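This report concerns only the one structure given below.
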């Protein structure tokens, strides 16, 4: 059978690998569609044929739940992640506030009101009292990977992305890690879509919560939930 | 079947206001540039909707503004030959010719294709594209295309105006054959007196949107008061018949018992011809002149002398061949003491009868 | 200053291969459609780059393929008057007229603007757009535009061909004035014998891309062996002078001592005129004819008789007024026993001298 | 060019299918709209003109969103179509619709210009020969605008090959189903190190579109020559 | 239409500025390219034609990405420009560049068609009157193509007003600096409940672009009448 998964852009590399493992093990076919969680949630709300949705934050999953679009019972938090401040590769680790204040260049972020990575980032900066300093310099992109690309190409000297993104992109270096308590916990909730909860989709969801897949995610830098 | 036209249409500064009837044969609409000829023809064709009017072809009403009747162009079944041919560039000559056929009503009897192609001499062109035709060939094809659409009348708006003399001479005979062989009215716009003389059975003279004269060709063209074309257009039409071709390249004609010689024509013996003798080419003599190079000397009687403001006078001379017009100076008329009833001779050079003035 | 042209250029089936010289005055390039006239003019103008050639205006070399010289059109300073006017539609008449001025070199002395406008009678048109001009007005403006660019020569490619007779008559006098008042060579393409007669000082006859005859207008037009236009174009040019205007509307001319009468012209007494007498309008008589309506009877001697395949013969008659050509039938020539040296009379109707055949 | 992976081939095949259908199906409508804009005088002409141009003016994402709202499973037209078995949203058919809508103004403009260049006197001549409006259009106007038609169609095709914003919004980016070349490129650009794969696809899509463009110029020139005579 | 917030007004003002500059600056280049394509025969003509069309064919995101690589602070041209004080990345100037690039093919096509419609015999006439190639172009060709030029410019302007993919990729989405109307619409669409604000902006941007379009048709018609005579 075929399972169609809509997943947050930040999961791209890792989920590709995990899904391949599932396919090899079960013989099911997995079709993956990645984009910003916001775009995906909206499309699912309008009837997109996804069987399984993995969001990068709780809010978008909540909004689908409010519309009755997901199978509430299947919902579970799959992964966690951390938020980091990155610069071009070779940049030395340092103090977050000093790095942000010491550089007048742009700070690349995903859309701060819409895309999870941006929402987390804005929350963290606010918590750290840095938002007012940074806000005028933020360059927003339509998803977190686009923000990563801005730093990787040298366009922006700073960027706020997930730790997993920073790990995947050799052109960037982590300057500082945002304290876990500076933002709401990063969660990747997953749920089956109402009316499409097939056996295969359920199997995949279970597989992704299981040790083998979790190992794959860990290798890509994701953290288990509850960490 | 005749075409009856009555129109009223304001046209810029001009108000077009015409009424005339075109019997079978060629009716030439004649008049200066801007006198409204094209507008009339377009109204008849249905390409233009005149403010008021009644246009009927026999019983068949094409427009009657009083009764709210107005047929669109494609339902009028009139074959329109435009000045600029307007062949379809994407179709071969043959496809152009057949274009109208599919729209002809089931009952219609178009001219047989083979006959039209033969009559117009366009057989060798059938596979060519219009782009590769000469101007004369193009107009012949346009004429054929109109004929093959099974029209109930033919409209032709200066079909020869864009052509040089050689091309004109090439096409005029086809219109003559059309007039003589196809029994539908032909409305033909022209401002060439030679064309009128060769083709017209009826002439309608337009001036500033009004019909100022309407009648047979002979009447209208020999009427010196009709000068839409200036005095130089005046001339008489003679009917004649070929009686011999001579060895020295001359053709002999009989015109009402009088003999005329002109440069050889290709018409076989017995062919009836119409000749236009331009008034300014005719010399008048009281006595029969001797020892002149001019070969045609027609004895006759002065019928009328008209003179206007200029130095010229127009003399009508009744001869056996018909009435001949001569444009001479007033001084000569006085010197020769010409007056009505006087006997005289009309002297006409053979070579002065231009090839385009000889028709069937 | 004269324009010397020598060109070689393959042209489709034709190979253009001409050499001629145009002295000041009007040189008419004369020949059938397709003989290469436009190609020659375009090569002179620099709109076309002939394969080989040398074109020079006085000392000024425009092209010399041997020395690798080729000036682009905009550096040749030749005023080109096109058949289709080609006025700039986005500029007013006045702006059109001034267009070339800004490109004229500092030293150049263009005709004074006021003089050109007056000469061409286009003063009232200055603020109009070309779209609102008649064909005749348009050509006058085009001529003015060319003149005001301070050209070293004028090129005109059938500038009157697209016009009707009335418009032609309107413009020809301007070219005459140009010829008489502006001292630069004018290369003029035409296939109208009347235009040639009125304008040309030199005629170059082209046929199939070659110059077949070149000489003064009188020589070329009265040479019956030059028939690019057919026998009907043959005619003689007479030089005459206005000596009186008569009350009955006739104008009297003196031509080498002979007197000629023609319908009144507007030229003042003393004006020198050139008349073209078409050969086919002339009647020949051995004895002096009496009692004819024709007013002009010139005694003379037969100089030459040429006849071809057709029924006609071309007789040159030497008269006091100059050589007159008469086209008569071979039959008449025989009947009158015409041969070289025989005395005879040329009979010419006054009204047969067409207004467009009278020029200065 | 390196060999493409199976997923990339899928994208290429899908893009070709989507663009072809988009072009073929919208062409008649484009001809109709172009004809109306070029030749008819009717109230609402300016409005029609604006409507036709809308997709050119609106951000593609908005166009896609509008399509989603109208043709989505919950949309008014979407539900009607679904009841007769036609599913557009999140389907390749929807990608074709999005591509067609986005390419429409370009097609109409090209065709309109070529219609305006047709000599109305030829159409009059056809009418005098008995052809009704419809027949005049089919037998005279249409053959004469062929070059413009081809140019317009290929331009629309090229645009369809590159359409992204409306497509990804309306039908999402599902490999093998709605992932066209541009969506695939977008996906690759999201992956660090995906530039090479993206560049491969970019090169391929450019080659395809340029090929089409070149073809269009050739065909248009040939058709123009054919119409011009000889 | 409800009143817009200050951020939305900023987006509108910015979009107008960006589109105007994009149009004004790319117009001369578009005329040049159109002239070359319409009138000159040179090797590489097909290549130039393809290059001009590229932005039409490539997904806008890719175009933006290419711009980023070439004109970004680390890009070859970007560094050169920066050294003379021109900053494109994250600047409204970069948005103008992206809009200009995306609208370029549309402009060129419109202008090219109008150049092809200019009678070369008028240009020849100007040459015989002493005008060099350059002057012929300035005094004859240019005035005659004015209608097409205006149409092309306004089409480019309309396209610029709607450009999104290349813009957000190249210059990101910075309110007041690079957040054009389309970027603002996109941002609104991403936020739950943002549809109303987005719809407001969509309506405004459509009104602006349609106004421009209407203007272009009027201006073009008037210019055509002026050139046609009377």
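By letter and in written order, the chains are A, B, C, D and E; residue numbering begins at 1 in each of them.
The rule is simple: a residue touches a chain if its C-beta (ideal position, glycine included) is under 8 Å from a C-beta of that chain, and two chains touch if they have at least 3 such contacts.
Which chain is which protein? Per UniProt: B, C = Molybdate transport system ATP-binding protein; D, E = Molybdenum transport system permease.
Quick caveat: nothing in here was measured; it's all calculated off a predicted structure.
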Path length in steps (a step moves to a chain that is touched) from subunit B to subunit E: 2
Angular offset of subunit D relative to subunit E [C-alpha, multiple of 5 degrees]: 180
Mean-CA-position distance for subunit B and subunit A (Å): 90
Whole-Å gap between the CA centroids of subunit A and subunit E: 36
Mean-CA-position distance for subunit D and subunit C (Å): 60
Whole-Å gap between the CA centroids of subunit D and subunit E: 21
Multi-partner residues of subunit E (each touching 2 or more other chains): 65, 186, 189
Touching two or more other chains - residue numbers and ranges from subunit C: none
Sites on subunit A at which at least two other chains make contact: 39, 146, 149
Pairs of chains, among all present, that meet the touch criterion: A-D, A-E, B-C, B-D, C-E, D-E
List of subunit A residues in touch with subunit D within their complex: 4, 6, 9, 12-13, 31-35, 39-40, 43, 46-49, 143, 145-146, 148-149, 152, 165, 168-171
Partner subunit A, residues of subunit D touching it in the complex: 68-69, 72-74, 89-90, 168-169, 172-177, 179, 187, 189-193
List of subunit B residues in touch with subunit C within their complex: 33, 164, 232, 246, 248-250, 261, 263-264, 280-281, 283-287, 289-295, 309-312, 326-333, 336, 347, 349-352, 354
Contact set on subunit E toward subunit D in their complex: 46, 49-50, 53-54, 56-62, 65, 106, 109-110, 113, 117, 155, 158-159, 161-165, 181-182, 185-186, 189, 198, 202, 205-206, 209-210, 213-214, 217
Of all residues in subunit D, those that touch subunit B in their complex: 119, 121-122, 124-133, 135-136, 139-140, 143-144, 146, 226-230
